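Structures given as structure tokens follow.
The same chain A turns up in both complexes below, where it pairs with chain B and then with chain C.
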Partner chain A sequence: MDLKTGLVGSGSSVSRELDLVIAGGGPAALAAALYAARYDIDHIVLESYQPGGQAALTAVIENYPGIKSITGGDIVAAMKEQAESWGAVFEMASVLSAEPLKDMIQIKADSSTYMTRNLIIATGAAPAKLGVPGEDKYYGRGVSYCATCDAPFFRNARVLVVGGGDSAVKEALHLSEFVSELVLIHRRDKFRAEPYLAKKLLSCGNCTVLWNTTLKEIKGDESVESAVLNTPEGEKEMKFDGVFMYVGRKPATEPFANLVELNDNGTVRTHNIVHTSRENVFAAGDVTDNDLRQIVTAVSDGARAASAVFDKLQ
Partner chain B sequence: MGILSDSDAAEVTKIFGALVRDVHVKVYTQKLECPTCTDTETILRELDGLSERLKVSFLNPQTDSEDARKDGVERVPAIIVSDGTHCRVKFYGTPSGYEFSSLLTTIIDTGGSEEPLTEGTIQFLKDLDTDLEMQVFVTPTCPHCPAAAVLASRMARYSSRVRSEVIEANEFPELSRKFKVQGVPRTIVNGVFYAEGSLSETMMTDALKKGLADDPSIETNLLDYLRHN
Partner chain C sequence: MAVKHIKGNEVEGAASATDKLSLIDFSAAWCGPCKMLTPVLEKVSDDLDEKVSFYHLDVDESPDASSKFGIRGVPTMIVFHNGEEIDRMVGFRDRNALQIQLENLADSKLV
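After this line comes the complex of A and B, so read on.
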């Protein structure tokens, strides 16, 4: 039986001054925390209320070098445990705003304020919404963004998965083990997902892929009952008990909008991988405009950002 | 055969090193019509041996019916964590996966030396002039569930006005259906307020302040109180 031993963190009401604040709780933040602790930088990690970030929601990870197969939850738990063993300090807090104040940065979190000489933004991204009618109404009533969390509610049910990237295909494969029938729709005529994953889905016995198809509306009463699809043959309403959305990610950069330059899509504009428009602010992982968004690149960013802070402090 | 691996037991023993006070854990299980009771009992028996601070007692709701009535136990397996003076913090279902993490955290919150709640939440609880019944539906595979489960447990641990029940949604399908649970974590307060996902302490208390003042007669999303202001 799988037993997770990682404790849930707590917030703080104490305000303080530090050399480094790391905002985020996913692989980029955890790698930055490990390196910051080993560099003996006076730091704190402000871990959000969704610890582990998106990585924690991934059912299986098979492309992290050196580890053949591991769940997302286990890899981030191992990363956190390793960082803590070197002295990384975590607090559970959501960053509400970050403003420059002389040569420092003032960070306001839920219940405390921090003044820091340096900041690493590693707040990751949240699942993007498609914005179709019914999506908000049926969230938690059949609409889900987390197959790892919610798959058991759809045992022997009929579900729709929306998307064609790695997340959509990976989570569809996880869901297919629970449901009786799975339909995946993708707006293009081929997957963006890794060919290995795509092949696996195309050979899955209870899965059907509808190409060039988009979601128009989610319908139901108390919970999801059907979805209206735009298919090459025209509009079609199909019965579903659940709809899982994997249509991209929205970077969690709102609190930093007055601090560093952002791109139109909300990502932090970076140069030299982790440097931002402000000298003492760095960015790492999915929050940046770097092209590859994987755990392996996120941890690399986190290490680079912590190293850059260390160099600055010398 | 045991459930905790050697490495789990070593890790938990290390975690329990933070206990400075006794923690009382009551475990209600029964042999009949409870497929998950045996595992729950085994896990708690194994935990029991890992710290002298942990005082675990095992009860049966049939034979210990008076205790079950006083403790307000409505289903099994049930686990109650306290300092021995109350029965406000309950877990229904096997503490496996991420629910094990919620249970461990609640044990440390109860017997540790630090107050985990922030000043704002403590003030909210001190100002409460009404009772709160918090139910948090979770699954063992949901990494975001412990934050929601632990927040409710912490609030109930602190205030005699609050009761929390963390419910493993898969093990109690009828209850899940009754409360329309199709996604986790789902927190329900006083049967009328609900929240999907895990809310921060500030969000939860701000929304509850506004919600309690509003006193709606229909089911209301707590996040609506934050969006409208």
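After this line comes the complex of A and C, so read on.
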């Protein structure tokens, strides 16, 4: 290793030795980066996994303490700016693989290879697909997973929203301001979403909720034209211009499968909130199996994980 | 190479190149993933300068072009060769995924 640069090897396969790599770009990673920078830990944040994370796709955030209302994009931009002001180092790179090597972890990214003493996995989760016919075919042609991004394309249109959690209801409320008619279907007979959001949706003038209803197929020509629903009264085809899906999230843990224990659903198995099956690997935010997945819990995880790394380095 | 901003009336000219692929990023100022994609496109445009020309089109500035290409979500990246649409990617792509996808397309289309 070159003691001046900290670099090992040469050319495109250069390795850099660090105390901490933070993989991810959402609130958990940004909080970890802020704390790591303030603790003066030699670190880098590899943020190519959806910079800003799921939070950046959220239209309005009203449950982050101290901030009455803010867009997802604005809150993650503020978090990144704050972390950078304390010296956090970011690189636009994806982790391709992560393997244990003696007491270090070798992380191969598309830009470089890193040897790190500690890793915080904060790669978040991407929207899960339902897997119904037509979903892939019409993605970007009426099928969407992001109302914040795509609502303006559905002005005065008729749209279907699938899901019953916070994301589905929050995004449905955002969509309802653009569309002429919104139908939300949920496979159960009550929402999982927080009661305040649920009440707001149930009193929305252009919204209808169909309980115990699932999506069977999305049909169309060049773009979405209708959806086939399984309702308690039987199969029903209804006309829609768009279908917005909020049916869960798929954790981005593939590169870490050989490094730490994962649960059957792909989340990182944790104990004591941010600790994993490997002593020098920590996990934070939506990538973990912690039950509450909110910005406020993600930043808490990120801070705890960076603090645990700091303690370990003492 | 940087990403060049174009308007709707410039799409046809940009898409008609035969010596390179043309990627047009249909995006909007209010879209979070579009903002995330911007630095990725800048990086990939540097890496694939010889194979792909990169363009950015604002859907609010050029609504007719967005409508013509059936854009119902942003960001949408359409890849053209010789005036023909050869691929369409919707949503954010990380640098590695985008680069591999474009290199595969370039290998299949450029002699």
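List of remarks:
Convention: the second predicted complex is superposed on the first by the 298 of 314 C-alpha atoms of A that agree within 3 Å, B and C clash if a C-alpha of one lies under 4 Å from a C-alpha of the other, contacts with A are read in each partner's own complex, and residues count from 1 in each chain.
We adopt the following convention: a contact is a pair of C-beta atoms (placed from the backbone, for glycine too) under 8 Å apart; a residue touches a chain by one contact, two chains touch by 3 or more.
Bear in mind the structure is a predicted one, so any value in this text is a computation, not a measurement.
In the superposed three-chain model, the partner touching more residues of chain A is B, compared with the other of chain B and chain C. Using the contact criterion defined above for the overlaid structures, shared-chain residue A:153 touches chain B and also reaches chain C. Of the two partner chains placed by superposition, A:255 touches none, neither chain B nor chain C.
By the touch criterion defined above, A:220 reaches neither chain B nor chain C.
Shared-chain residue A:124: touches no atom of chain B or chain C.
Touched by chain B in one complex and by chain C in the other are residues 49-52, 56-57, 72-73, 92-94, 110-111, 139-142, 144, 146, 148-150, 152-154, 222-223, 242 of chain A. Looking at the complex, you find that chain A touches chain C at residues 48-52, 56-57, 72-73, 92-94, 96, 110-111, 139-142, 144-146, 148-150, 152-154, 222-223, 242. Of all residues in chain A, only 1-8, 10-13, 49-52, 56-57, 72-73, 76, 92-94, 110-112, 139-144, 146, 148-154, 222-223, 242 touch chain B in the complex they form. Those residues of chain B that touch chain A in the complex are listed here as 3-4, 8, 11-12, 15, 39, 43, 95-98, 100-102, 104-105, 108, 114, 116-121, 139-147, 150, 169-170, 176, 180-184, 186, 196-203.
Contacts from chain C toward chain A in the complex involve residues 28, 30-36, 39-40, 43, 70-76, 88, 90-92, 94-97, 99.
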